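Two complexes come next, and they have one chain in common, subunit A, joined by subunit B in the first and subunit C in the second.
Then we have the complex of A and B:
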(Lines of atoms letter the chains of each structure in order from A and count residues from 1; the text may use other names and numbers.)
(Lines give C-alpha, C1' and ligand atoms only; values in the text may rest on other atoms or scores of the structure.)
Protein backbone atom coordinates (compact mmCIF):
# COMPACT_ATOMS: atom_id res chain seq x y z
CA UNK A 1 0.00 0.00 0.00
CA UNK A 2 2.70 2.48 1.09
CA UNK A 3 4.71 1.48 -1.97
CA UNK A 4 1.80 2.34 -4.20
CA UNK A 5 1.20 5.70 -2.46
CA UNK A 6 4.92 6.49 -2.82
CA UNK A 7 4.59 5.97 -6.58
CA UNK A 8 1.37 8.02 -6.71
CA UNK A 9 2.90 10.97 -4.86
CA UNK A 10 5.88 11.01 -7.22
CA UNK A 11 3.98 10.99 -10.50
CA UNK A 12 4.57 14.17 -12.52
CA UNK A 13 0.90 15.11 -11.95
CA UNK A 14 1.31 15.01 -8.15
CA UNK A 15 4.74 16.66 -8.09
CA UNK A 16 3.62 19.39 -10.50
CA UNK A 17 0.68 20.40 -8.31
CA UNK A 18 2.65 20.07 -5.07
CA UNK A 19 5.28 22.50 -6.34
CA UNK A 20 2.89 24.98 -7.99
CA UNK A 21 2.76 28.40 -6.31
CA UNK A 22 -0.83 29.13 -7.34
CA UNK A 23 -2.49 25.88 -8.34
CA UNK A 24 -1.97 24.17 -4.99
CA UNK A 25 -3.53 26.92 -2.84
CA UNK A 26 -6.36 27.27 -5.39
CA UNK A 27 -7.19 23.58 -5.13
CA UNK A 28 -6.85 23.67 -1.34
CA UNK A 29 -9.07 26.78 -1.14
CA UNK A 30 -11.67 25.28 -3.48
CA UNK A 31 -11.81 22.15 -1.32
CA UNK A 32 -12.61 24.27 1.73
CA UNK A 33 -15.07 26.61 -0.03
CA UNK A 34 -16.97 23.64 -1.50
CA UNK A 35 -17.73 22.65 2.11
CA UNK A 36 -20.26 25.47 2.33
CA UNK A 37 -22.21 24.08 -0.61
CA UNK A 38 -22.06 20.46 0.48
CA UNK A 39 -21.78 20.12 4.26
CA UNK A 40 -23.37 23.54 4.82
CA UNK A 41 -26.55 22.46 3.06
CA UNK A 42 -26.51 18.92 4.48
CA UNK A 43 -26.49 20.58 7.91
CA UNK A 44 -29.62 22.55 6.95
CA UNK A 45 -31.42 19.34 5.97
CA UNK A 46 -30.28 17.66 9.20
CA UNK A 47 -31.59 20.61 11.22
CA UNK A 48 -34.95 20.34 9.43
CA UNK A 49 -35.16 16.62 10.21
CA UNK A 50 -34.39 17.42 13.84
CA UNK A 51 -37.08 20.14 13.68
CA UNK A 52 -34.60 22.81 14.69
CA UNK A 53 -34.91 24.85 11.48
CA UNK A 54 -37.50 25.41 8.69
CA UNK A 55 -40.13 23.76 10.92
CA UNK A 56 -43.01 25.13 8.86
CA UNK A 57 -41.59 23.82 5.56
CA UNK A 58 -42.18 20.24 4.34
CA UNK A 59 -39.00 18.12 4.55
CA UNK A 60 -39.32 17.33 0.84
CA UNK A 61 -39.27 21.04 -0.05
CA UNK A 62 -36.13 21.68 2.02
CA UNK A 63 -34.47 18.61 0.55
CA UNK A 64 -35.37 19.43 -3.04
CA UNK A 65 -34.18 23.01 -2.67
CA UNK A 66 -30.86 22.02 -1.07
CA UNK A 67 -29.79 18.96 -3.03
CA UNK A 68 -29.25 20.60 -6.46
CA UNK A 69 -26.60 22.75 -4.72
CA UNK A 70 -25.30 20.23 -2.23
CA UNK A 71 -24.56 17.45 -4.76
CA UNK A 72 -22.38 19.48 -7.17
CA UNK A 73 -20.74 21.04 -4.10
CA UNK A 74 -20.00 17.57 -2.80
CA UNK A 75 -18.57 16.52 -6.18
CA UNK A 76 -16.19 19.52 -6.19
CA UNK A 77 -15.14 18.82 -2.60
CA UNK A 78 -14.62 15.13 -3.36
CA UNK A 79 -12.57 15.70 -6.53
CA UNK A 80 -10.36 18.41 -4.99
CA UNK A 81 -9.95 16.15 -1.94
CA UNK A 82 -8.76 13.27 -4.12
CA UNK A 83 -6.29 15.59 -5.90
CA UNK A 84 -4.96 16.92 -2.57
CA UNK A 85 -4.56 13.35 -1.36
CA UNK A 86 -2.62 12.36 -4.50
CA UNK A 87 -0.16 15.24 -4.03
CA UNK A 88 0.74 14.02 -0.52
CA UNK A 89 -0.41 10.40 -0.54
CA UNK A 90 2.43 8.97 1.54
CA UNK A 91 2.22 11.62 4.23
CA UNK A 92 -1.58 11.50 4.41
CA UNK A 93 -1.55 7.70 4.65
CA UNK A 94 0.76 7.93 7.66
CA UNK A 95 -1.29 10.70 9.31
CA UNK A 96 -3.43 9.48 12.23
CA UNK A 97 -6.00 12.27 11.85
CA UNK A 98 -6.37 11.54 8.13
CA UNK A 99 -7.06 7.86 8.85
CA UNK A 100 -9.85 8.74 11.28
CA UNK A 101 -11.19 11.27 8.78
CA UNK A 102 -11.50 8.58 6.08
CA UNK A 103 -13.13 6.19 8.56
CA UNK A 104 -15.73 8.81 9.55
CA UNK A 105 -16.29 9.74 5.87
CA UNK A 106 -17.14 6.09 5.19
CA UNK A 107 -19.57 6.13 8.13
CA UNK A 108 -21.15 9.38 6.87
CA UNK A 109 -21.60 7.72 3.46
CA UNK A 110 -23.27 4.66 5.03
CA UNK A 111 -25.46 6.92 7.15
CA UNK A 112 -26.59 8.82 4.03
CA UNK A 113 -27.41 5.52 2.32
CA UNK A 114 -29.51 4.42 5.32
CA UNK A 115 -31.46 7.67 5.13
CA UNK A 116 -31.85 7.43 1.36
CA UNK A 117 -33.09 3.83 1.25
CA UNK A 118 -34.81 3.33 4.61
CA UNK A 119 -36.44 6.69 5.36
CA UNK A 120 -36.57 8.78 2.18
CA UNK A 121 -38.96 6.41 0.30
CA UNK A 122 -41.62 6.92 3.04
CA UNK A 123 -41.10 10.66 3.32
CA UNK A 124 -44.67 11.49 2.28
CA UNK A 125 -45.93 9.92 5.55
CA UNK A 126 -44.12 12.51 7.69
CA UNK A 127 -43.27 15.26 5.22
CA UNK A 128 -45.42 17.86 6.98
CA UNK A 129 -46.10 15.95 10.21
CA UNK A 130 -45.18 17.60 13.53
CA UNK A 131 -42.67 14.82 14.13
CA UNK A 132 -40.07 12.95 12.09
CA UNK A 133 -39.51 9.18 12.67
CA UNK A 134 -36.93 8.54 15.39
CA UNK A 135 -34.73 6.61 12.96
CA UNK A 136 -34.59 9.49 10.49
CA UNK A 137 -33.86 11.92 13.33
CA UNK A 138 -31.05 9.63 14.45
CA UNK A 139 -29.45 9.67 10.97
CA UNK A 140 -29.70 13.49 11.00
CA UNK A 141 -28.02 13.79 14.40
CA UNK A 142 -25.35 11.29 13.38
CA UNK A 143 -24.75 13.20 10.14
CA UNK A 144 -24.26 16.45 12.06
CA UNK A 145 -21.81 14.87 14.48
CA UNK A 146 -19.87 13.03 11.79
CA UNK A 147 -19.44 16.10 9.55
CA UNK A 148 -18.27 18.28 12.44
CA UNK A 149 -15.73 15.61 13.37
CA UNK A 150 -14.61 15.13 9.73
CA UNK A 151 -13.95 18.86 9.30
CA UNK A 152 -12.13 19.04 12.64
CA UNK A 153 -9.96 16.04 11.70
CA UNK A 154 -9.22 17.51 8.27
CA UNK A 155 -8.04 20.68 9.93
CA UNK A 156 -6.03 18.88 12.61
CA UNK A 157 -4.17 16.84 9.97
CA UNK A 158 -1.98 19.87 9.29
CA UNK A 159 -0.66 19.74 12.84
CA UNK A 160 1.32 16.56 12.25
CA UNK A 161 4.54 17.62 10.53
CA UNK B 1 -2.77 52.67 15.76
CA UNK B 2 -3.17 49.68 18.02
CA UNK B 3 -6.46 48.79 16.32
CA UNK B 4 -4.84 49.17 12.93
CA UNK B 5 -2.02 46.81 13.94
CA UNK B 6 -4.47 44.26 15.29
CA UNK B 7 -6.42 44.31 12.03
CA UNK B 8 -3.22 44.14 10.00
CA UNK B 9 -1.99 41.14 12.00
CA UNK B 10 -5.37 39.45 11.67
CA UNK B 11 -5.24 39.86 7.91
CA UNK B 12 -1.61 38.81 7.58
CA UNK B 13 -1.64 35.64 9.65
CA UNK B 14 -3.89 33.41 7.53
CA UNK B 15 -1.73 34.18 4.50
CA UNK B 16 1.38 32.98 6.27
CA UNK B 17 0.34 29.56 7.34
CA UNK B 18 -1.46 26.36 6.50
CA UNK B 19 -1.71 25.89 10.26
CA UNK B 20 -1.04 28.13 13.23
CA UNK B 21 2.25 28.24 15.12
CA UNK B 22 0.62 26.85 18.27
CA UNK B 23 2.59 23.61 18.22
CA UNK B 24 5.93 25.44 18.14
CA UNK B 25 7.64 27.28 20.98
CA UNK B 26 7.87 30.64 19.23
CA UNK B 27 9.94 32.16 22.03
CA UNK B 28 12.85 29.81 21.40
CA UNK B 29 15.21 30.52 18.50
CA UNK B 30 17.42 27.47 18.15
CA UNK B 31 20.27 27.15 15.65
CA UNK B 32 20.56 23.82 13.86
CA UNK B 33 23.82 23.24 11.98
CA UNK B 34 24.18 20.00 10.10
CA UNK B 35 23.88 18.13 6.83
CA UNK B 36 20.80 18.37 4.63
CA UNK B 37 19.38 14.87 4.15
CA UNK B 38 16.41 15.96 2.06
CA UNK B 39 15.17 19.28 0.68
CA UNK B 40 11.50 19.16 -0.21
CA UNK B 41 10.34 22.23 -2.14
CA UNK B 42 6.58 21.81 -1.98
CA UNK B 43 3.17 22.90 -0.71
CA UNK B 44 1.56 23.40 1.69
CA UNK B 45 4.98 23.60 3.40
CA UNK B 46 8.53 23.11 2.24
CA UNK B 47 10.66 20.89 4.46
CA UNK B 48 14.37 20.62 5.14
CA UNK B 49 15.43 17.38 6.81
CA UNK B 50 18.71 18.10 8.57
CA UNK B 51 21.02 15.68 10.38
CA UNK B 52 23.17 16.89 13.27
CA UNK B 53 25.91 14.49 14.32
CA UNK B 54 26.73 15.68 17.84
CA UNK B 55 25.97 18.22 20.51
CA UNK B 56 22.73 18.78 22.40
CA UNK B 57 20.69 18.81 19.17
CA UNK B 58 22.16 15.61 17.72
CA UNK B 59 19.68 13.73 15.56
CA UNK B 60 17.55 14.20 12.46
CA UNK B 61 15.22 17.18 12.45
CA UNK B 62 12.27 17.99 10.22
CA UNK B 63 12.41 21.76 9.66
CA UNK B 64 9.17 23.08 8.22
CA UNK B 65 9.11 26.26 6.14
CA UNK B 66 6.31 28.09 4.34
CA UNK B 67 4.61 27.50 1.03
CA UNK B 68 6.62 27.72 -2.21
CA UNK B 69 4.99 31.10 -2.98
CA UNK B 70 5.90 32.66 0.38
CA UNK B 71 9.45 31.29 0.36
CA UNK B 72 9.93 32.13 -3.31
CA UNK B 73 9.14 35.77 -2.65
CA UNK B 74 11.95 35.88 -0.11
CA UNK B 75 14.73 34.40 -2.14
CA UNK B 76 14.25 30.68 -1.68
CA UNK B 77 13.98 28.32 -4.63
CA UNK B 78 13.87 24.63 -5.42
CA UNK B 79 17.69 24.62 -5.62
CA UNK B 80 18.46 26.51 -2.39
CA UNK B 81 19.61 23.23 -0.83
CA UNK B 82 20.23 19.70 -1.99
CA UNK B 83 20.94 16.51 -0.09
CA UNK B 84 24.51 16.53 1.25
CA UNK B 85 24.77 20.33 1.66
CA UNK B 86 25.86 21.83 4.97
CA UNK B 87 23.21 24.13 6.36
CA UNK B 88 22.64 26.44 9.31
CA UNK B 89 18.96 26.88 10.11
CA UNK B 90 17.37 28.90 12.88
CA UNK B 91 13.90 27.89 14.00
CA UNK B 92 11.38 27.32 16.72
CA UNK B 93 11.23 23.76 18.08
CA UNK B 94 8.05 21.77 18.69
CA UNK B 95 6.61 22.23 22.16
CA UNK B 96 6.17 18.48 22.66
CA UNK B 97 9.91 17.86 22.30
CA UNK B 98 9.65 15.87 19.07
CA UNK B 99 12.23 16.58 16.38
CA UNK B 100 10.20 19.11 14.42
CA UNK B 101 11.02 22.77 13.89
CA UNK B 102 9.30 25.80 12.38
CA UNK B 103 11.89 27.51 10.18
CA UNK B 104 12.64 31.14 11.10
CA UNK B 105 15.53 31.74 8.69
CA UNK B 106 18.61 30.10 7.22
CA UNK B 107 22.14 31.48 7.42
CA UNK B 108 23.84 31.31 4.02
CA UNK B 109 27.56 30.55 3.48
CA UNK B 110 28.36 34.29 3.29
CA UNK B 111 26.64 34.92 6.62
CA UNK B 112 23.43 36.47 5.29
CA UNK B 113 19.99 35.65 6.63
CA UNK B 114 17.71 33.89 4.20
CA UNK B 115 14.24 34.63 5.45
CA UNK B 116 11.33 32.40 4.86
CA UNK B 117 8.79 34.62 6.54
CA UNK B 118 7.91 38.28 6.84
CA UNK B 119 6.82 38.25 10.47
CA UNK B 120 6.22 35.57 13.06
CA UNK B 121 3.90 35.73 16.04
CA UNK B 122 5.63 35.90 19.41
CA UNK B 123 4.28 35.78 22.90
CA UNK B 124 3.47 39.13 24.48
CA UNK B 125 6.62 40.93 25.64
CA UNK B 126 9.01 38.58 23.88
CA UNK B 127 10.15 41.32 21.50
CA UNK B 128 10.06 41.60 17.75
CA UNK B 129 10.67 38.53 15.66
CA UNK B 130 12.46 40.48 12.96
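Then we have the complex of A and C:
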Protein backbone atom coordinates (compact mmCIF):
# COMPACT_ATOMS: atom_id res chain seq x y z
CA UNK A 1 0.00 0.00 0.00
CA UNK A 2 2.82 2.39 0.97
CA UNK A 3 4.44 1.71 -2.38
CA UNK A 4 1.28 2.76 -4.17
CA UNK A 5 0.92 5.93 -2.01
CA UNK A 6 4.53 6.79 -2.81
CA UNK A 7 3.72 6.62 -6.52
CA UNK A 8 0.48 8.58 -5.95
CA UNK A 9 2.11 11.57 -4.26
CA UNK A 10 4.81 11.72 -6.95
CA UNK A 11 2.41 11.92 -9.87
CA UNK A 12 2.68 15.23 -11.74
CA UNK A 13 -0.81 16.10 -10.45
CA UNK A 14 0.29 15.81 -6.81
CA UNK A 15 3.67 17.52 -7.20
CA UNK A 16 2.02 20.29 -9.22
CA UNK A 17 -0.33 21.13 -6.33
CA UNK A 18 2.47 20.88 -3.76
CA UNK A 19 4.70 23.24 -5.69
CA UNK A 20 2.10 25.89 -6.51
CA UNK A 21 2.24 28.46 -3.69
CA UNK A 22 -1.44 29.12 -3.22
CA UNK A 23 -3.12 25.97 -4.50
CA UNK A 24 -2.70 23.82 -1.39
CA UNK A 25 -4.00 26.46 1.09
CA UNK A 26 -6.92 27.18 -1.27
CA UNK A 27 -7.93 23.51 -1.50
CA UNK A 28 -7.48 23.06 2.25
CA UNK A 29 -9.51 26.21 3.02
CA UNK A 30 -12.30 24.98 0.74
CA UNK A 31 -12.21 21.56 2.43
CA UNK A 32 -12.61 23.19 5.86
CA UNK A 33 -15.16 25.87 4.98
CA UNK A 34 -17.37 23.35 3.13
CA UNK A 35 -17.97 21.93 6.62
CA UNK A 36 -20.55 24.66 7.14
CA UNK A 37 -22.62 23.36 4.21
CA UNK A 38 -22.19 19.62 4.90
CA UNK A 39 -21.87 18.99 8.64
CA UNK A 40 -23.43 22.38 9.51
CA UNK A 41 -26.68 21.39 7.80
CA UNK A 42 -26.76 17.65 8.49
CA UNK A 43 -26.48 18.19 12.26
CA UNK A 44 -29.86 19.98 12.09
CA UNK A 45 -31.44 16.63 11.13
CA UNK A 46 -29.61 14.98 14.06
CA UNK A 47 -30.78 17.75 16.39
CA UNK A 48 -34.36 17.35 15.12
CA UNK A 49 -34.27 13.59 15.76
CA UNK A 50 -32.98 14.33 19.27
CA UNK A 51 -35.70 17.01 19.61
CA UNK A 52 -33.12 19.72 20.29
CA UNK A 53 -34.18 21.86 17.30
CA UNK A 54 -37.11 22.12 14.84
CA UNK A 55 -39.24 20.22 17.42
CA UNK A 56 -42.58 21.23 15.89
CA UNK A 57 -41.50 20.54 12.29
CA UNK A 58 -41.85 17.10 10.60
CA UNK A 59 -38.57 15.14 10.46
CA UNK A 60 -39.08 14.53 6.72
CA UNK A 61 -39.36 18.27 6.08
CA UNK A 62 -36.10 19.06 7.92
CA UNK A 63 -34.38 16.24 6.03
CA UNK A 64 -35.68 17.24 2.59
CA UNK A 65 -34.90 20.92 3.13
CA UNK A 66 -31.31 20.34 4.32
CA UNK A 67 -30.25 17.59 1.90
CA UNK A 68 -30.15 19.56 -1.41
CA UNK A 69 -27.38 21.74 0.10
CA UNK A 70 -25.76 19.27 2.49
CA UNK A 71 -25.08 16.67 -0.23
CA UNK A 72 -23.17 19.04 -2.57
CA UNK A 73 -21.33 20.23 0.56
CA UNK A 74 -20.25 16.66 1.28
CA UNK A 75 -19.26 16.20 -2.38
CA UNK A 76 -16.96 19.27 -2.19
CA UNK A 77 -15.41 17.98 1.05
CA UNK A 78 -14.93 14.51 -0.41
CA UNK A 79 -13.28 15.73 -3.63
CA UNK A 80 -11.02 18.31 -1.92
CA UNK A 81 -10.22 15.71 0.76
CA UNK A 82 -9.07 13.21 -1.85
CA UNK A 83 -6.92 15.85 -3.59
CA UNK A 84 -5.35 16.83 -0.23
CA UNK A 85 -4.64 13.15 0.46
CA UNK A 86 -3.03 12.59 -2.94
CA UNK A 87 -0.57 15.44 -2.40
CA UNK A 88 0.72 13.92 0.85
CA UNK A 89 -0.37 10.29 0.65
CA UNK A 90 2.62 8.70 2.40
CA UNK A 91 2.64 11.07 5.37
CA UNK A 92 -1.12 10.91 5.78
CA UNK A 93 -1.10 7.11 5.65
CA UNK A 94 1.44 7.04 8.48
CA UNK A 95 -0.51 9.59 10.57
CA UNK A 96 -2.43 8.02 13.48
CA UNK A 97 -5.05 10.80 13.60
CA UNK A 98 -5.67 10.41 9.87
CA UNK A 99 -6.21 6.66 10.27
CA UNK A 100 -8.78 7.21 13.02
CA UNK A 101 -10.44 9.91 10.92
CA UNK A 102 -10.91 7.49 8.01
CA UNK A 103 -12.19 4.80 10.39
CA UNK A 104 -14.77 7.19 11.89
CA UNK A 105 -15.76 8.46 8.42
CA UNK A 106 -16.51 4.86 7.43
CA UNK A 107 -18.58 4.47 10.62
CA UNK A 108 -20.46 7.72 9.87
CA UNK A 109 -21.23 6.39 6.37
CA UNK A 110 -22.41 3.07 7.80
CA UNK A 111 -24.53 4.91 10.39
CA UNK A 112 -26.16 6.98 7.63
CA UNK A 113 -26.93 3.77 5.72
CA UNK A 114 -28.54 2.23 8.82
CA UNK A 115 -30.74 5.33 9.16
CA UNK A 116 -31.58 5.31 5.45
CA UNK A 117 -32.57 1.63 5.24
CA UNK A 118 -33.83 0.82 8.73
CA UNK A 119 -35.56 4.00 9.93
CA UNK A 120 -36.21 6.24 6.92
CA UNK A 121 -38.70 3.81 5.22
CA UNK A 122 -40.97 3.96 8.33
CA UNK A 123 -40.51 7.68 8.93
CA UNK A 124 -44.14 8.52 8.19
CA UNK A 125 -45.19 6.63 11.35
CA UNK A 126 -43.35 9.09 13.61
CA UNK A 127 -42.68 12.03 11.28
CA UNK A 128 -44.77 14.44 13.37
CA UNK A 129 -45.08 12.34 16.55
CA UNK A 130 -43.89 13.85 19.85
CA UNK A 131 -41.32 11.05 20.20
CA UNK A 132 -38.75 9.54 17.87
CA UNK A 133 -37.93 5.76 17.99
CA UNK A 134 -34.96 5.05 20.26
CA UNK A 135 -33.02 3.49 17.39
CA UNK A 136 -33.33 6.58 15.20
CA UNK A 137 -32.37 8.78 18.15
CA UNK A 138 -29.31 6.58 18.66
CA UNK A 139 -28.20 7.02 15.02
CA UNK A 140 -28.63 10.81 15.45
CA UNK A 141 -26.53 10.94 18.64
CA UNK A 142 -23.91 8.71 17.04
CA UNK A 143 -23.83 10.92 13.93
CA UNK A 144 -23.30 14.06 16.06
CA UNK A 145 -20.54 12.41 18.11
CA UNK A 146 -18.81 11.00 15.03
CA UNK A 147 -18.78 14.32 13.17
CA UNK A 148 -17.39 16.17 16.20
CA UNK A 149 -14.63 13.55 16.48
CA UNK A 150 -13.93 13.60 12.70
CA UNK A 151 -13.51 17.40 12.72
CA UNK A 152 -11.22 17.24 15.76
CA UNK A 153 -9.11 14.42 14.25
CA UNK A 154 -8.90 16.26 10.92
CA UNK A 155 -7.66 19.42 12.63
CA UNK A 156 -5.23 17.53 14.87
CA UNK A 157 -3.66 15.49 12.06
CA UNK A 158 -2.16 18.72 10.67
CA UNK A 159 0.16 18.89 13.71
CA UNK A 160 1.81 15.59 12.84
CA UNK A 161 2.20 16.22 9.11
CA UNK B 1 -3.71 48.72 33.13
CA UNK B 2 -2.95 48.88 29.42
CA UNK B 3 -3.81 46.11 27.00
CA UNK B 4 -0.10 45.31 26.58
CA UNK B 5 0.27 44.79 30.31
CA UNK B 6 -2.78 42.54 30.30
CA UNK B 7 -1.25 40.30 27.58
CA UNK B 8 2.02 40.25 29.53
CA UNK B 9 0.24 39.26 32.73
CA UNK B 10 -1.60 36.44 30.97
CA UNK B 11 1.58 35.38 29.14
CA UNK B 12 3.35 34.91 32.46
CA UNK B 13 0.46 33.14 34.18
CA UNK B 14 0.71 29.45 35.09
CA UNK B 15 -2.39 28.48 33.08
CA UNK B 16 -1.13 30.02 29.84
CA UNK B 17 2.30 28.52 30.45
CA UNK B 18 0.63 25.11 30.75
CA UNK B 19 -1.14 25.63 27.40
CA UNK B 20 2.13 26.65 25.76
CA UNK B 21 4.07 23.65 26.94
CA UNK B 22 1.46 20.94 26.57
CA UNK B 23 1.75 18.85 23.43
CA UNK B 24 -1.98 18.38 23.00
CA UNK B 25 -3.49 21.61 24.38
CA UNK B 26 -3.24 23.73 21.22
CA UNK B 27 -4.40 20.99 18.77
CA UNK B 28 -7.34 20.31 21.10
CA UNK B 29 -8.25 24.01 21.42
CA UNK B 30 -7.87 24.44 17.63
CA UNK B 31 -10.31 21.53 17.18
CA UNK B 32 -12.84 23.22 19.49
CA UNK B 33 -12.26 26.46 17.52
CA UNK B 34 -13.12 24.69 14.26
CA UNK B 35 -16.23 23.08 15.82
CA UNK B 36 -17.43 26.53 16.94
CA UNK B 37 -16.79 27.92 13.44
CA UNK B 38 -18.76 25.04 11.89
CA UNK B 39 -21.72 25.77 14.20
CA UNK B 40 -21.62 29.50 13.44
CA UNK B 41 -21.15 29.19 9.67
CA UNK B 42 -23.68 26.34 9.47
CA UNK B 43 -26.35 28.50 11.08
CA UNK B 44 -25.39 31.44 8.82
CA UNK B 45 -25.54 29.29 5.67
CA UNK B 46 -29.06 28.15 6.62
CA UNK B 47 -30.33 31.70 7.26
CA UNK B 48 -28.69 33.14 4.16
CA UNK B 49 -29.80 30.42 1.74
CA UNK B 50 -33.35 31.21 2.86
CA UNK B 51 -32.78 34.97 2.71
CA UNK B 52 -31.46 34.59 -0.85
CA UNK B 53 -34.44 32.37 -1.75
CA UNK B 54 -32.03 29.60 -2.84
CA UNK B 55 -33.02 26.93 -0.34
CA UNK B 56 -35.02 25.92 2.75
CA UNK B 57 -37.98 27.75 1.24
CA UNK B 58 -40.55 25.45 2.91
CA UNK B 59 -39.59 27.00 6.25
CA UNK B 60 -40.57 30.52 7.20
CA UNK B 61 -37.68 32.85 8.03
CA UNK B 62 -39.22 33.16 11.48
CA UNK B 63 -38.96 29.40 12.10
CA UNK B 64 -35.36 29.28 10.89
CA UNK B 65 -34.32 32.25 13.06
CA UNK B 66 -36.02 30.66 16.09
CA UNK B 67 -34.31 27.32 15.47
CA UNK B 68 -30.77 28.17 14.34
CA UNK B 69 -29.87 31.68 15.55
CA UNK B 70 -28.93 30.46 19.03
CA UNK B 71 -26.74 27.68 17.61
CA UNK B 72 -24.86 30.36 15.66
CA UNK B 73 -24.40 32.53 18.74
CA UNK B 74 -23.13 29.52 20.74
CA UNK B 75 -20.74 28.67 17.91
CA UNK B 76 -19.49 32.26 17.84
CA UNK B 77 -18.94 32.23 21.62
CA UNK B 78 -17.06 28.92 21.44
CA UNK B 79 -14.93 30.12 18.51
CA UNK B 80 -14.02 33.42 20.23
CA UNK B 81 -13.21 31.79 23.61
CA UNK B 82 -11.08 29.04 22.03
CA UNK B 83 -9.48 31.57 19.67
CA UNK B 84 -8.39 33.64 22.65
CA UNK B 85 -6.82 30.53 24.22
CA UNK B 86 -4.78 29.95 21.04
CA UNK B 87 -3.71 33.61 20.98
CA UNK B 88 -2.69 34.07 24.65
CA UNK B 89 0.27 31.61 24.74
CA UNK B 90 1.92 33.34 21.75
CA UNK B 91 0.53 36.91 21.44
CA UNK B 92 3.55 38.59 19.84
CA UNK B 93 3.70 36.06 17.00
CA UNK B 94 0.03 36.54 16.18
CA UNK B 95 0.11 40.33 16.58
CA UNK B 96 2.89 40.48 13.97
CA UNK B 97 0.98 38.27 11.51
CA UNK B 98 -0.73 40.28 8.74
CA UNK B 99 -3.44 37.65 8.18
CA UNK B 100 -4.25 37.72 11.90
CA UNK B 101 -4.60 41.52 11.89
CA UNK B 102 -6.84 41.40 8.83
CA UNK B 103 -8.87 38.63 10.50
CA UNK B 104 -9.43 40.74 13.64
CA UNK B 105 -10.64 43.75 11.66
CA UNK B 106 -12.98 41.54 9.59
CA UNK B 107 -14.17 39.75 12.73
CA UNK B 108 -15.06 42.99 14.53
CA UNK B 109 -16.90 44.23 11.43
CA UNK B 110 -18.73 40.91 11.08
CA UNK B 111 -19.81 40.87 14.75
CA UNK B 112 -21.11 44.46 14.56
CA UNK B 113 -22.94 43.65 11.32
CA UNK B 114 -24.36 40.42 12.77
CA UNK B 115 -25.93 42.01 15.85
CA UNK B 116 -26.81 45.49 14.63
CA UNK B 117 -27.85 44.91 11.01
CA UNK B 118 -28.25 41.22 10.10
CA UNK B 119 -30.22 40.40 13.26
CA UNK B 120 -32.80 43.05 12.35
CA UNK B 121 -32.95 42.00 8.69
CA UNK B 122 -33.69 38.31 9.43
CA UNK B 123 -36.25 39.19 12.10
CA UNK B 124 -38.20 41.61 9.91
CA UNK B 125 -41.41 40.80 8.03
CA UNK B 126 -39.62 41.68 4.78
CA UNK B 127 -37.21 38.75 5.30
CA UNK B 128 -39.93 36.24 4.35
CA UNK B 129 -39.91 37.23 0.65
CA UNK B 130 -36.77 37.29 -1.53
CA UNK B 131 -35.80 40.84 -2.54
CA UNK B 132 -32.77 42.79 -3.71
CA UNK B 133 -32.34 44.24 -0.22
CA UNK B 134 -32.39 40.78 1.36
CA UNK B 135 -29.93 39.48 -1.24
CA UNK B 136 -27.50 42.33 -0.49
CA UNK B 137 -27.81 41.72 3.28
CA UNK B 138 -27.19 37.98 2.75
CA UNK B 139 -24.22 38.42 0.41
CA UNK B 140 -22.66 40.89 2.83
CA UNK B 141 -23.08 38.48 5.77
CA UNK B 142 -21.70 35.47 3.87
CA UNK B 143 -18.78 37.41 2.36
CA UNK B 144 -17.78 38.94 5.72
CA UNK B 145 -17.90 35.70 7.74
CA UNK B 146 -16.28 33.51 5.10
CA UNK B 147 -13.52 36.13 4.69
CA UNK B 148 -12.93 35.86 8.46
CA UNK B 149 -12.56 32.11 7.88
CA UNK B 150 -10.16 32.53 4.93
CA UNK B 151 -8.06 35.08 6.83
CA UNK B 152 -7.89 32.63 9.72
CA UNK B 153 -6.73 29.87 7.41
CA UNK B 154 -4.07 32.21 6.00
CA UNK B 155 -2.50 32.83 9.46
CA UNK B 156 -0.70 29.48 9.39
CA UNK B 157 0.49 29.89 5.82
CA UNK B 158 1.90 33.39 6.25
CA UNK B 159 3.97 32.14 9.22
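As a working rule, the second predicted complex is superposed on the first by the 160 of 161 C-alpha atoms of A that agree within 3 Å, B and C clash if a C-alpha of one lies under 4 Å from a C-alpha of the other, contacts with A are read in each partner's own complex, and residues count from 1 in each chain.
Note that contacts are C-beta pairs under 8 Å (C-beta built on N, C-alpha and C of every residue); 3 or more make two chains touch, one makes a residue touch a chain.
The structure presented is a predicted model; accordingly, all values stated were derived computationally and were not measured.
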| item | value |
| --- | --- |
| Partner chain(s) touched by A:18 [first = subunit B, second = subunit C, both, neither] | first |
| Which of subunit B and subunit C A:148 touches, first, second, both or neither | second |
| Per-residue touch tally on subunit A - higher for subunit B or for subunit C | C |
| Which of subunit B and subunit C A:2 touches, first, second, both or neither | neither |
| First (subunit B), second (subunit C), both or neither touched by A:39 | second |
| Touched partner set for A:29, first subunit B, second subunit C, both or neither | second |
| Which superposed partner A:82 touches (first subunit B, second subunit C, both, neither) | neither |
| Partner chain(s) touched by A:61 [first = subunit B, second = subunit C, both, neither] | second |
| Partner chain(s) touched by A:53 [first = subunit B, second = subunit C, both, neither] | second |
| First, second, both or neither for A:71, with subunit B first and subunit C second | neither |
| Contact residues common to both interfaces of subunit A (with subunit B and with subunit C) | 25, 28, 159 |
| Residue numbers on subunit B that touch subunit A, as the complex places them | 18-19, 22-23, 41-44, 47, 62, 64, 67-69, 72, 78, 94, 98, 100 |
| Of all residues in subunit C, those that touch subunit A in their complex | 26-28, 30-32, 34-35, 37-39, 41-46, 49, 55-59, 63, 67-68, 71, 146, 149-150, 153-154, 157 |
| Subunit B contact footprint on subunit A (complex, rising order) | 18-22, 24-25, 28, 87, 158-159, 161 |
| Of subunit A, residues touching subunit C in the complex | 25, 28-29, 32-33, 35-37, 39-41, 43-44, 47, 53-54, 57, 61, 64-66, 68-69, 148, 151-152, 155-156, 159 |
